[in-house]
Amino acid sequence: MACSVDGREIEVDACSVGPGVLSVVVGGRQIRCVLDGDAVVVDGRRVEFSRHDPRSWLGLRGAGVGADGPQAVKAPMPGRVIRVLVAAGQEVEAGEAVVVIEAMKMQNELHSPKTGRVARVGVKVGDAVAVGQVLAVVA
Amino acid sequence: MACSVDGREIEVDACSVGPGVLSVVVGGRQIRCVLDGDAVVVDGRRVEFSRHDPRSWLGLRGAGVGADGPQAVKAPMPGRVIRVLVAAGQEVEAGEAVVVIEAMKMQNELHSPKTGRVARVGVKVGDAVAVGQVLAVVA
Amino acid sequence: MRAFGKVLVANRGEIALRVMRACREMGIRTVAVYSDADRAALHVAAADEAYRLGPAAASESYLRGDLILDVARRARADAVHPGYGFLSENAEFAEACETAGVIFIGPPASAMRVLGSKTKARQAADRAGMPRVPGSVTGLGSVEEAVRVAREIGYPVMLKAAAGGGGKGMRAVSTEGELAAAFRAASSEAERSFGSGEVYLEKLIERPRHIEIQLMADQHGSCVYLGERECSVQRRHQKVIEEAPSAVVGEDLRRRMGEAAVRLAMSEGYVNAGTVEFLVDEARDFYFLEMNTRLQVEHPVTEMVTGLDLVQMQLRVARGEPLGLRQEEISIRGHAIECRIYAEDPENNFFPSPGRITRLERPGGPGIREDCGVYPGWVVPLDYDPMLSKLVAYAPTREAAIDRMLRALGEYEIGGIRTNLALFRRILKDADFRAARIDTGYLERLLGADASDGREDVPEDVVAVVCALFSLNSQTTPKEADGSRWAAVGRREGLRE
Amino acid sequence: MRAFGKVLVANRGEIALRVMRACREMGIRTVAVYSDADRAALHVAAADEAYRLGPAAASESYLRGDLILDVARRARADAVHPGYGFLSENAEFAEACETAGVIFIGPPASAMRVLGSKTKARQAADRAGMPRVPGSVTGLGSVEEAVRVAREIGYPVMLKAAAGGGGKGMRAVSTEGELAAAFRAASSEAERSFGSGEVYLEKLIERPRHIEIQLMADQHGSCVYLGERECSVQRRHQKVIEEAPSAVVGEDLRRRMGEAAVRLAMSEGYVNAGTVEFLVDEARDFYFLEMNTRLQVEHPVTEMVTGLDLVQMQLRVARGEPLGLRQEEISIRGHAIECRIYAEDPENNFFPSPGRITRLERPGGPGIREDCGVYPGWVVPLDYDPMLSKLVAYAPTREAAIDRMLRALGEYEIGGIRTNLALFRRILKDADFRAARIDTGYLERLLGADASDGREDVPEDVVAVVCALFSLNSQTTPKEADGSRWAAVGRREGLRE
């Protein structure tokens, strides 16, 4: 299969080698690619991609979050709130702990993404939280 | 879940533990059951079963083949015919080699299921054969 | 001597599997117990019998000794193996087993009471003439007492919870001015974590290594040491990588540490597997830290270098057999490394990552052992610790074992949840780790430094094409299984041409 | 000394994986070659580079030395590892590599020519003063010569193909009356199988064991033996189970066999890994049988008991490094057993069973090594030998290794095709095998006896219920993936209640 990328032609031979796994050979080089949700692990390296635009891929995970405007502190995993360290109206520094969640026997501090004022706290001690749930908003 | 088998009630707790695998607990006893095609491997023991009659199961594989009437010698695996040892009309003993098929670097003799006369030979040397293909019929 | 027909494994995850494998190999039937979160767990499907304990919370299931003994009676189990964690160091449970006529596979409750308590064990260490870190032997009654002891031994000092573990209730203190606040913080954290606010105080050893000695003792007065393990690679006082042997322990130091550990265990009538933990300073002097009166997570590295099976030895010792192994018959050969694979995200503050495992590709081949507690399709529950499996590499030398582990990590694929696999690659490629320049602060320093994994990049155009292939796919046949979707793309696009 | 940057692996399946793993651990890039049947094979997806050779037939792909060297040049590979089988014992290929400036990872062509020929090797063995089975040293020119030699050494005798292996062209002959027919049959079978009808004749040793010595020699005149392997469990002269050490070889016999093997290898300037095969009779006298001038299938059992890595040693020796290991530094510890897992049906005459692997559940945990060459979804091709993987169990004693292997076999699930897993369970539970009462005829005798695997039966009512659960399933939602179908039944039927 010949592909054109940015005007350059490359010869690609791809072959399914198990559910969710491709062996891609490009100019003799063999690369094992694994589908994991919305990411592809290419030769051990994780690349997030958008399924809807075949030509767009977002590069390595963890790339920049815009720092302007109010930002939410969200639960990165399900768990239980064991401490709330800030109240609405309070000033916080970027990186300051805001809420502590316990999950899998570990206590995990969640930090403010920016320096600012706590606009809202969405949880209280004892609450069970779901992934992505907003715990607090810093404006 | 309560099941009734031949009028006796048994208490069964079944739980999926992976694709094609059930953990069945009956009176404390835990039995791992694996689906493999039309067979179930129950605690390491292979049991063929019919999907269409839930109450029928054929017991261990290899159970009796009726010995009356013409019987076919079929290819148990795909391969290539490398020798044909009988001709139509010839008398053969039960267990006598009829055809030799090579597959996976191994030569495999296929034997007559019964004592009788070769009614038909369906292949010649060099033929590629598929699983279940009739190689010869002994009447 | 009592034959075991059946053993109840009072644990879950990889260690329950590990114990059941030993039982199966010895012809012993196994009984699993499970919480509601674990009906579909691997340890249940691996057992000969399985019984429900209660709801998901450990306090209502795996920590309920009464329910476990009830199952033991119903199933007519001869013995209970507690694994590690949960009830493994609970002397009351060991005693309750004895009362119920079920053998507890571990030390007698009496030895556990002394050696399992940090403060009592320190007193026992003093009696056994074992060097230990200078500090208080008993819990501190007050801030004033803490100040007095700290002055005696000199700063910096470390405050520690007497009942604790895992870094909870610990505080390093460099000056007297910080001590009062640290004392209160440590004590209240200990109270919250362990139900006891008792703390003690020790001299802080600079850049110490955490090195421990594995012991095995029978009921007939024999006790041997099975070499040491190097466990200095820690994060938040939790071990992350363990090795055997330690790069800094030679024959002489091994013998001295081993003999000291045996002396301590024998002084309290210890039986079964146990581990004596030491700090080793830069002068290679060693100091008693504490004793773990149970099988350790990291026991496989000892098994690899000694060629022995610690769990089978535990079962034999528990049923009254003599060790049948003299100290001079034990040899250390080659090098083994263990990585603890966790469901956590090292790129995101090590947050736990529970959820469904969608893919699981396990490494194999020469020198690789995997003790796995999960399977593809399993939903890693929120309720227990996030360890998924232990990966162990064995090779003739430390360098070869590191390279083998890197190879195996490259083969290991866990999909659907985040894991710390990438962290291990980073550590094992780090020059300091490879040169064995490690101490208990090593990993925190590494994590503070800039990450650069030195991996050769895949050309961007290839990445783009691969993403395109997957994308094409998902637009057209969104609901089929992955395998067939890909096959379909292969046909459409002529990928095999 | 020449550094290897890149090695071409001229093989497929588990051994290609094995070699690539060693390369990866040593920082060497790997080049896979594949036939059209193998584009999706595991060894391709495990390599850094991959190149097509030709059609599926080995004669048009893996046996095409010219194409392989062409790839080696294109990929700029420094060396070629031939694995076992295919071109591994082909002296012309070894020479062609040399001519092309590519290192052949194996012995020099000259040593291969002598020691790889059964008749020339026997002459070399005589020169080296090694005991061998009485018989002809050169190929027999005629039936008359065969009759004369057989009379000299006495019946029973064994006819063997000079170029052969794997039992082809072999015939046991008990009386002179049978000799002529057997000679012609053996010769024509040898002609068909190996392209040479040359046969020779040996005294038939009654109830012999097949025991072999592993050698490793460097380019600087050092050669060591790495203990023996017991390979008496054979079917149609193909090894089925291998062990190290042998239950009948003590230190003295090991030393005598080892030294004889080293003497033979050194006499012909042997370099790299090689194996000298012996028959051992009931009096424990040993007789030279032949030499395999390559890595053996069963090398892992030697790796387990010596703690060494034979493939890494091969690579080091090939690039000119000295062994760096003296004979007295090599120790044998514990016991290892290997089972060769084949796609064949032991309940049906051991017919090959190619096809798609639908499930693959691989064993793990302590003492288990699996060298696997397949994955779930892979279609085992018809074109090559049916070995799927090698399962190896290591434990402190032979008995514990057998029990461990049984445990691992119980964990091993291969769906979609038939395998010989059940055969291993039968052998490992057999009283004669457990007592090490084995010889090369052992397995055929066992297979002739009635099978009864002694497995505890699952109650019939439980089997009925399980079948019913599966059946219910398939009627209602025939096309979903297995996992979700079951989950659906679980919900409908309230299975979790």
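The chains carry the letters A, B, C and D, assigned in the order they are written, with residues numbered from 1 in each.
Just so we're on the same page, a contact is a pair of C-beta atoms (placed from the backbone, for glycine too) under 8 Å apart; a residue touches a chain by one contact, two chains touch by 3 or more.
Here the structure is a predicted model, which is why all the values come from computation and not from measurement.
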item: Centroid-based (C-alpha) most distant chain relative to subunit D; value: A
item: Which of A-C and A-D has more C-beta contact pairs; value: A-C
item: Gap in Å, rounded to a whole number, between the CA centres of subunit D and subunit C; value: 37
item: Subunit A and subunit B, separation of their C-alpha mean positions in angstrom; value: 51
item: Subunit A and subunit D: spacing of chain centres that average the CA atoms, whole Å; value: 47
item: Where subunit A and subunit C are represented by their mean Cα positions, the distance between them in whole Å; value: 29
item: For subunit B, residues contacting two or more additional chains; value: 13, 15-16, 18-19
item: Subunit D, residues touching no fewer than two other chains; value: 39, 377, 410, 481, 483, 496
item: Chain contact topology (line, ring, star, complete or other); value: other
item: Chains that touch, pairwise; value: A-C, A-D, B-C, B-D, C-D
item: Residue ranges of subunit B in contact with subunit D within the complex; value: 1, 3, 5-6, 8, 10, 12-16, 18-20, 22, 24, 26, 31, 33-37, 40-45, 47, 49-55, 57, 61-62, 76-79, 103-106, 108-109, 111
item: List of subunit C residues in touch with subunit D within their complex; value: 17-18, 21-22, 24-27, 39, 300, 303, 307-309, 311-312, 331, 333-334, 362, 364-372, 377, 394-396, 400, 403-404, 406-407, 410, 481, 483, 496
item: Subunit D residues within the subunit A interface of the complex; value: 31-32, 39-42, 44-51, 74-75, 375-378
item: Of all residues in subunit D, those that touch subunit B in their complex; value: 343-345, 347-354, 358-359, 361, 382-386, 410, 413, 415-416, 425, 455, 457-459, 461-472, 474-475, 481-483, 486-487, 490, 493-497
item: Contact set on subunit A toward subunit D in their complex; value: 13, 15-19, 21, 23, 25, 28-30, 32
